[in-house]
Structure formats: structure tokens, C-alpha cells
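Read from first to last, the chains carry the letters A, B, C and D; within each, the first residue is number 1.
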Amino acid sequence: MQNSHFFVTGDPMIYGADVSIALVSVAIIFYLTYFKKWGWLWREWITTVDHKKIGIMYLISALLMLFRGGVDAILMRIQLAVPNSHFLASEHYNEIFTTHGTIMILFMAMPFMFALFNIVVPLQIGARDVAYPFLNSVSFWLFFLGAMLFNISFVVGGSPNAGWLSYPPLSENDFSPGPGQNFWIWGIQISGIGSLMTGINFVVTILKMRTPTMRLRDMPLFSWSVLSSSIAILGVFPILTVTLVMLTIDRLLGGHFFTMTAGGNPMMWVNLIWMWGHPEVYIVVLPAFGVYSEVVATFSRKRIFGYSSMVFSMIAISVVSYYTWVHHFFTMGAGANVNIVFAICTMIIAIPTGVKVFNWLFTMYRGRIRITQPMLWVMAFVPCFLVGGATGVMLAAAPADYQYHNSYFLIAHFHQVLIGGVVFGYIAGMYYWFPKIFGFKLNERLGKWGFWLWQIGFYVCFMPQYALGFMGMTRRIYTYNDSMGWDMGWAPLNYISTIGAFLMGIGFIFQVWQILYSIKHGERDVTGDIWDGRTLEWSIPSPAPAYNFAILPVVKGRDAWWYQKEEMQKGNVHKEAVKYEPIHMPNNTGIPFIMSVFWFIAGFGFTFEWMWMGIAGLIGVALTLFARSFQYNTDHYIPVEEIEKTEKARKNYGSVHRTAN
Amino acid sequence: MSNHEHTANMKAYTTGFALSIILTIIPIILVLNHLLSKTALVVSILLAAVLQFVVQLFFFMHIRDGEGPRYNVMALILGIIFVVTIVAGAIWIMSFNSQVQ
Amino acid sequence: MQQSISAHVSDHTQGHEDQEGIKLLGFWIFLVTDCLLFATFFAAYAVLHTHTNGGFTASEFNVPNFIIETFILLISSFTSGIAVLNMHKGNKKGLTQWLIVTAVLGAVFVGLEVKEFMDMAAEGATLSQSAFLTSFFSLVGAHGLHVSFGIFWMIGILVQLSRRGITPVTKRKISMVSLYWHFLDAVWIFIFSVVYLMGVM
Amino acid sequence: MVYLNSTFYYHDSRNSIPLYFVKGDLTLRKWIQTAKLSFLALLGMALLSGCDKSNFIVLNPKGPVGQQELDLIIISVILCAIIILPVLGIFVYIVIRYRDKPGNKAPYQPEWADSKILEVIWWGIPIIIVAILGVYTAKTTINLTKPPVKDVKPIVVQVTSLDWKWMFTYPDKKIATVNYAEIPAGVPVQFILTSDAPMNSFWVPQLGGQEYTMPGMAMGLWLQADKIGEYFGSGANFTGKGFAHMQFRVKSVTQDDFNQWAAGIKKNSPALTDKGYKQLSKPGLEKELSFSSYPKGLYEDIVNKNGGTYYDHMSHMGDMGSQSSMSSMKMEDKK
């Protein structure tokens, strides 16, 4: 690697980015130093093992990455708006769609999902923490530094440009030499290991940390969705890890897993990466389904309809999604029998998904629907996901897919399920639990602006893309000529699509404004139960105290808090004096952060093929692991006086544990 | 989990050890002496391996220990299903044994 | 009434004691995901094992070497079991000794494997020679790295054991490492059968 | 049908950049012009082009393969619509009827959360639909592995995707072309696909769906044009820098014209030598080219050097003249 190529050069946009990144960094450093915030940052955030704070850090990262991926999207749409555009050069466009796809799925959807896992699950199951708080912090920092490693490729070394799933041999040394592709490998590898740990963490949390009276069949559906998504994570992230290791072996050590020469087989990559990649999209959509279930029930003032079939269908989706990966390469000619089996397995997913849709509808049926912000996004989700899912089923008909594959029809399908299913869901979840996290509600008026801009923008952007697919427009082309643009009719539709992207961008700006505005002016949540909720997280104050529950709640069925409130209204609740006990909590620790920094160093070293640095980083990782294993003072007790003080400060909260029959 | 009832005792370990030695030697003998046809050989090697895996699980890893829901057993079963899917699926798909379209 | 029950149960779940059980379950799940990791390497090996690029083929493996390796690992699995038995009996000395035996056997195993790899490399059969060799070295090497990691882990535990004796924490750690060791033995059985035996068959 | 003019392709030497990429002012003018036009587009042109059925080339097939795929597309749209549209209707109805506003008389049953009958209905209907669609999918999948018509002798065209161009070799005629292919109308064509570069995908929407071109593999794709015409084709799987320019043209002509065309090429065009192929396969763009001959065994060598020797069925790569159709039959018998 020559040093002259270390900094990406040659493009004014990149210089602009360099300058703005430098300026922002200087500003942050100045702010932290001037206001003496370094210690605060270290103590309160970097070393925290509190799942709520980790959740907040995930949330902030996800929003930042949505912005980054969104800027990529806008740039692509500008380039494609008209034929023969030279706003972006070919290589630059290729980098942008690669980073757009990678960032949106791995560094936006995943952390957004983990944000909700962390913020909601322990509160919903009446736990004081996740099963492994230390590991949780490791997961976050691995994700974060992996994402940062990926993002610096923009200014140092060059971005990857072989597509978000980087098919070899294009992604091998022969065709993509240099650090760009390595950034992709290591950014995903490091954060992927973090995701795998999160999966383990939440499976065990849900199985083992529920408040002792909560049976699995009383558990709220969001937590069920987390369980099913985490199981899928356990099933597929190891495959991703190994597949990336294989590409690393090819690129770094001269191996031949996927090369064109020496017997390598690029198809094996396609096969393996989709074994992970397909379930991955269901991993991100399942928790969104969980959000819908919570929001719909709350704002219809009704029990969720068909609870058991909701649970069953989620588990079914997470398992059956393991058997559909070939639908991403029907056109590879693996054989009629292979295609038929996987086509039918793919269509089968539509059945449990449909059941969920029907159950949501019937939750609203004979309910009382309050159209609040979270509910708005849920109502936008239904039609969008229905149509996107239906086009998915059309894609699943293998021979029809020979015509859709890699066309804009496909692009339209997956944006419709990814945005309509995943993004809408997470945004709904964010609005729903925002008061719980921060103690105030997000402004409705600005939110509505954001909402409608997103909605209109979405359909204006992506509906024309279905038509473009039928017109033969393939994905990943940085430009098209006049003949395609005018004679074949691609140009007008692309232009419209670009307008839609801008509308979504403006919608996003409204949402950012909304958050900033609400920090000052947002309606404060003084009850802890601002939506008249049904599940345990609404029985404690907003924001929740460090230990979540002073006394573990007693749960007698589903929607525990809702029925508790009914009892309280009927006057069946006798306030007893409660006797607190000291609460056992984990200590803050800097090791996760330090370990992740070593991972970053290792990843950076291997990216530039500076083996000394890579190995040094790995040794650092091993040493921190070792240090941790010798750490014995890992926890403390919160004394009773402190709990009493905190609990006294809360006035009118009802609390589930005060039930007495 | 480890604090409850233990199936771990010297007898179990020795039995397990003896079984695994036997299950290793059988395929070695079969292979080195070319005793069976190719398919039969592959089947017996795999069979011995699977049996030995079971021996490890029961005699060494004490899969039966513990109380309450057997989450570890469930995880293992799911894991085995996934393992079979990954390996068998890859072999099947990558064999490209027919022409399509 | 309800109240007191809940308080009791909660102490049980959130207290130290069960914390160790929770960690063990997590470790078990981790092992299952590790299985998938090996499964993926196996899948690649199964698909690529005939792609020899005119070089080294699976029939040329060093038969005595891999048979010895196999028995050493089998024995070490047994000795790690004996170590755990000693732990349950509270016999710190026996525990330490058998752990050391296990680690030493593991080191011999790794040594033999390194020798095998070096011999192959000396014949020109390197990782970059063919897709078959890439997948072979990756699969077997991944196992070897796991074993090496296990050895270091055992050393770390031995140090803690000498300092603190048999406590709930060291107990859990020893249970984990022995579980890990049996697991590596189980993986090896498949490498032995599928890679080596079927290779020389 | 889509008319393709040759401005599509780069004019002179490879790696050069076509005029409209360099000339900034030209592009600026185009921007303005396009902006104006696009306002019209917003109002009418989208609709116009939308109504202009011929632009939807996927929905406007010119051969039996594309037609079968279109049939399946239509079936799948209908089957999905049968369920999706009513659900959308129910959704709108429920949201309007059960809004929480004062004086809403609609029933409110907050505890009603289970119904066996309903469960059976909404597990049942999707199962039936998936079953029907599954059967059609399976049928079409199997059909497409066979030549579209049985009684006409097929021809073989070998396709090699390169960085960033398409090479077609005709084993029967021993001629080669780049970035365009001619085929006889009404005759099943067995395209045999490989790549001497990162994998691409061979797609001629009006003739039928695509299939990957993969290094080291020779995969078969049956297509057929019923009438004469000229069809848009493109690479559909991303291969890097020049990928966006990998369009090609497939022209179907009568059998006589086809023979004449081939004879003309044999007579008038230069030969493709080993050296010439090496040059051709280097990364870069290329205009349409024709060659009167190509090195013997070129295609087989390409497949084999990229790993073809590891796949036994790949030995039938079509360079067997009239036998080719038989060999592909044999492949089917095998499975």
C-alpha cells in the first residue's frame, strides 16, 4: 500500500468531506475540553454497562448512519435523474451504492434494532438488566468501532465498490485490490461479532432474566420478536463470520476459496453469503413486527388478537427463513429441483407473515384507534408492507424472477419491505418508547410533517422503480444513455424517483428538527405511562431508574400493567409498605471500549495489509480478554437508602408489585 | 446448572472413553484394510462419527444434567438442524448437476 | 403474601449463585454457534475438496500422524473429564494436575498438527496451491487455533486456581473450559472422519 | 420492440470515454433541457410512456420463453391481488370505523382476542394460494429447462462475458461477434454461458429471463424469437467500472438471412486470433465487432482455464456442431 494513496484524493466532494469531518472532530474535541466533559463522557457513557444507556448510544448511531446512508441515496438519485449524467463517475457511484446498502442494513437497521432491544426488553420482562451487561457493552463498542472503521474508508484508503454483498471474483484481489474491499470485510466482521454476542445475550436474557412470575406465554410480543430474531442471529451470524474469514484468507494469504484460478469457486460465496444475507433481512424485520404488535394493541385499547398464533408465526418465520436463501440466485442455474424447493419455501414465509397482518387488523377491529405518532407509522406500514410482500412473492416464483432479478423491480421490492417494514417499524418504536427513554414526548406537529413527507416521498420514489424494472433497467448502473433514457422510457421515471428521494430527505430533516425542538419544548412525561400502556415498562418512571424495578414485579398474565391499572381503579389495590433490599448491579468498566479499540486497530492494520499492526491489535484484544478474566470486583450493591430515596421521589406511579389479593 | 445433580462419575467417563476409542478404531481398520465398498465405507465412517458425537454428549458433556426447561438441549437440537442445513444445502446446491432453462 | 414470594424468588434469580448458571447457559449457546462456524468451513471443504489444481490430493495425508493426533485428543478429553471429577470432589491438587496433563496433551496435538502442516508446505502443498488446500488448511487450522486458545485459557484458569482455590467462579470457569475441550474433541471426530479418513480411503 | 442505435457504444479505442461524458457544458445544457422536459414528464410523459406498452419490454415478450414467464407473472399478480386487495380494503374500513372519536357507535370489545374460525380462515387462504402458485412455479421451472419447441433443430450460441463486453461464438458457423448477436427467428437457441471475468448475467428481456455467466461454468439458457426483430440485451450482474455500458443487441432474422449474414462475416470480417482475444479480454469497452473465425476450442479453453475441469457436465459446451442439441438432451437425461 503506497502512502500517497492513503488519503483519498481527486474529488472535490471528498475534500469537502475531509474538511467537514476534521471540523466536526475539532468542534467536538473543543466542546468536550472546554466544558470539561471528557470525564463525564468516560464515566457516564463509554464505560457504562447500563442497558438503557447502551440503547441510547445505539439509537444515536443508527440515526447518524441513516443520515449517512441517506446522503448516499440522494447522491445516487441525483446521478440517475437524467441520462448521461456525469455528476458522479462510475467508480464513485459504485462506491456509493456499496456503502449505502452496507450502511443501511448493517450500520443503520441493526443498531436501530439493538437500540430497541436494549431499551425495551429488560423493562418489558421486569428485569434489572440483561444477562451479560459486560458483554452488552462489548457488543456495542464492537459495532460502533466496526461502523467507524467502515466509514473512514470514505476519506482514508477509498471505499469498497463491489456491492453490499461483494460477490467474488469481483471482490478478490485481482479485480478489487487495495484497502477498499478490506474495509468492507473488517468493518462488517468486527461489528458482526458484536451482533452475534448481542444475539446470545438476549436469548439468555429472555429465557433466564424474566421476573420470576412471568411465564413465557405471558411475555409481551415485542420480547417474543426479540427472541425469534436473536435465535436467527445465532443461526446465521457464524456463517457470516466464516464467509468473511474465507474472503480474508483469499485476499490476505493468497487462498483460493472464491478466486477464478486454482480451483476457487465464486459460487460458493454466493451460496454462503445468502445463507446469512437472507435470514438477515428477517432478523431486522421481526423486531419491527414486535413493535407493531405493541403499538397496535396500545392504541387500539385492546388486547392483541391471536397471541399464540402471533408467537408461533414469528418462530416459524425465523426458522423457515433459514430455508429460502437460494431465491437470491435462482438465475445461477443450480437446477430445476433446487429452484422449485426454495421457491416454495420462500412463498411459505408469506403465510405466517400474513397471519400477523390479519391479527393486527383484528386487534384494531372493535377497538378504539387513537391516531398518535407511533400509530401513524404503523398504519403507513400496513399497505406498504402488503404490497412489498406481495412483490416478494412474485419474485419467489423462480421463472418469473429470471425476469426481475437484478432489475429495478427488485430494488423497489426490497426498499418497500425495508423502509415500509423495517424503517417505519423502528421509527414507530422510537416514537413509542421515546418518552420512556428520555422522559419527554416528541413534538406532534413536526412529526406529522416528517411523516407525510416520508410517505409521499416513498411512493413517488419507489413506485416508478417497479415500472423501470419492467422496462429492463438493471441495478447498479451509474448511468444510462439517451437511447435508454428516452426511447426506452427510463428517464422520466428516474427523474420522478429522484424527486421522491428528496421528499424523504426533507422528511428526515423534519424529524431531526423535531427531536432537537422537543428536547426543549417536548411534553414532559410525569406519569411514566404517557400512552396508557399495557406492559411492564409503563409501570415505572420515565426515564427508568438505574435498577429499573425497585422490587421485581409480580405478573399474573399478559398485559400485566393494564390489568393492574384496572384493579387499581376498582380500588382492589392496597398500598403496603414495601421493604426494599439492596440491589445487585454490575460495575462500569472500560475494558469493552479498550478491547474494541484494539479490534479497530487490528482491523485497520489488516485493511492496509500492515500485518504488524493487525497482529498487534489482536494481541491487544487477547490481553484485554485476559485482564477481564482476572477482574473479580465486577459488581456492587445499591444500598436500600438510595433506593428509598429514588422511589420516594416518584409520586403517583402505580406499581405492579403493590397488588394484593 | 452445575450445582444440581451430576451424572459425572468415574464410571461414566471410563465407559465413554472406551466407547470412543472403539468407535475410532473401527473406521480406521475399515479404511486401512479397504474392507468395504466406497459407499458402505462412507456410511460407516459417518455413522461411527455420529455415534461418537453422541457418546461425547452423554458421557462427557452431561447433556442430561440440570433441571427446568432444557434450553441447552433445545439449543443443541436447533444447532444440529442448522449444521445439517448448511452442509447438506451447500453440497446439494453447489453440485450443479443439471442444466437449467 | 404474593409480595414475599416474589421477593424470595427474585433473590434466587438475581443473586450470585444463579449468575454462574446463566453464564454456563450462555457459553453453551456460544458453543452451538461455534458448531455452525465449523459447519461452514466443512461446507466449503465438501464443495472444494476435489479442486486440487493438479497438486496435493486428499489421498496423500500422513496416516500415522493423524491417527496419533486423534488418540491424543481423545485421551485429553478424558483427562479433562477427570479434572472436573476432582473439582467436584474438591480436590484442588488432582484438579490442577489433570488440567496440566490435559493442556500438555493439547500442546502435543497442536505440535503434531504444526509439523504436519510444515511437512506439507515443504512439499509445496501450501494454502495458496489450490482451493482444496485452502479449504483444508482453513478448516483444520480453525480447529487448531481453537485448541491453542483452549490451552491458553487453561493456563489462565490454573493461575486463578492457584490463587483462589475452588470457588463458584473458578468452578464455573473450569466447567466451561472442559465443556469447550469436549466440544473440540467432537469437532475433531468429524474432521478426522470426513477430511482424513475419507481422504485416504 | 425497441430500436437501438449505435451511439450506444463507444466509438473508438477501448478505455476511451465517449464525448458526452467529457463535455461539461453539453451536460449542463442537457440538464436544463431535461429539467424542462421533466416537468412535462411529471404531467404527461410518465403517463404516456406508461401507457406505451411497448416500453415495458418484460411485459411484451417476443418469444415462447418470455411468454411463459409473462404468463407466470400474470398468474402471480392475480393470486397476490386476490388476497392483498381485500386486505387493504378491510384495513381502510377498520381504521375508519373504529377511530377513537367521541360518539363513535361502533362496538368496542377490548377483551375479544381469539377466534378459532378466523384463525382457520387466515391460515387457510394463504396456504391455498401458495399451493396454487407453487404448482405453476414448478411447472414453468421445469418447462424452461427444455427447448421451447421440439420439432425444430436448435442452434447453439456460446456467450462469454468479458470486462466489459459480450463475446458470442457460433460453434456451427465458426464465427464470432462482440456486443451483438444474430439468431434465426423461430428456432430454439441454446445459449451456453460463461465468463472470462467477474460473473455477469445474460439478459434479453423480450426473449426471456436471464441467467448468470460464471467463470469456469458453461450454463445453458434456452431462448427463442418468434419473429424477426431487434432486441435489447444487457448484463444484469454488476462487474465493476464499465458495467453500466454492457448492453448488447440481439437481432433475429429469417433463417436465410441468418445464413447469409454468417457467410458475409466469414467472407468480409477479420479473424479473431489468440492475440486478438487476449487484447479483447482486457478490461475496457468495445463497439460492435465481427470475426470470420476464432481460435479452435476458444470457448472450451476459457471455461476450463477458469475451473471448468472440476465440473464433469461442463464437457458439453456446444462446440460439437449439430450434436449440441443431443448433448444437452443427454444432460437432462442424466438428472
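Just so we're on the same page, a contact is a pair of C-beta atoms (placed from the backbone, for glycine too) under 8 Å apart; a residue touches a chain by one contact, two chains touch by 3 or more.
Not measured: the values here are computed from a predicted model.
Visitor: Farthest chain from chain B, going by the mean of C-alpha atoms per chain?
Guide: When every chain centre is compared against chain B, the largest gap points to D.
Visitor: By raw count of C-beta pairs in contact, what's the busiest chain pair here?
Guide: Going pair by pair, the biggest contact count turns up for A-D.
Visitor: Closest chain to the protein CA centroid?
Guide: Chain closest to the assembly's C-alpha mean: A.
Visitor: Find the geometric centre of each of chain B and chain C from their Cα atoms only, then give the gap between the two centres in Å, rounded to an integer.
Guide: Result: the chain centres lie 15 Å from each other.
Visitor: Chain A to chain D: how many Å between their CA centres?
Guide: The answer is 34 Å.
Visitor: Could you tell me the distance, in whole angstrom, between the mean C-alpha positions of chain C and chain D?
Guide: 49
Visitor: Which residue numbers or ranges of chain C touch two or more of the other chains?
Guide: Residues 25, 29, 32-33, 36, 40, 43-44, 47, 51 of chain C touch two or more partner chains.
Visitor: If I count partner chains per residue in chain A, which residues reach a count of at least 2?
Guide: As it turns out, chain A has residues touching two or more other chains at 207, 235, 239, 263-265, 267-268, 272, 333, 335-337, 339, 402.
Visitor: Would you give the residues of chain B that are in contact with at least 2 other chains, written as numbers and ranges?
Guide: Within chain B, the residues that touch at least two other chains are 71, 78, 82, 86, 89-90, 94, 96-101.
Visitor: What does chain C use to touch chain B in their complex?
Guide: Contacts found on chain C: 17, 20-21, 24-25, 28-29, 32-33, 35-36, 39-40, 42-44, 46-47, 63, 67, 70-71, 74-75, 77-78, 81-82, 84-85, 88, 171-172, 175, 179, 182-183, 185-186, 189-190, 192-194, 197-198, 200-201.
Visitor: Enumerate the contact residues on chain D facing chain C in the complex.
Guide: 307, 310
Visitor: Under the touch definition given earlier, write down the residues of chain A that touch chain B in their complex.
Guide: 207, 231, 235, 239, 265, 267-268, 271-272, 275, 322-323, 325-326, 333-339, 402
Visitor: Which bits of chain C are touching chain A when the two form their complex?
Guide: 1-3, 5-7, 9-16, 18, 22-23, 25-26, 29-30, 32-34, 36-37, 40-41, 43-44, 47-48, 51-53, 127-135, 138, 152, 156, 160, 169, 173
Visitor: For a test of understanding, state which residues of chain C touch chain D in their complex under the given definition.
Guide: 50-51
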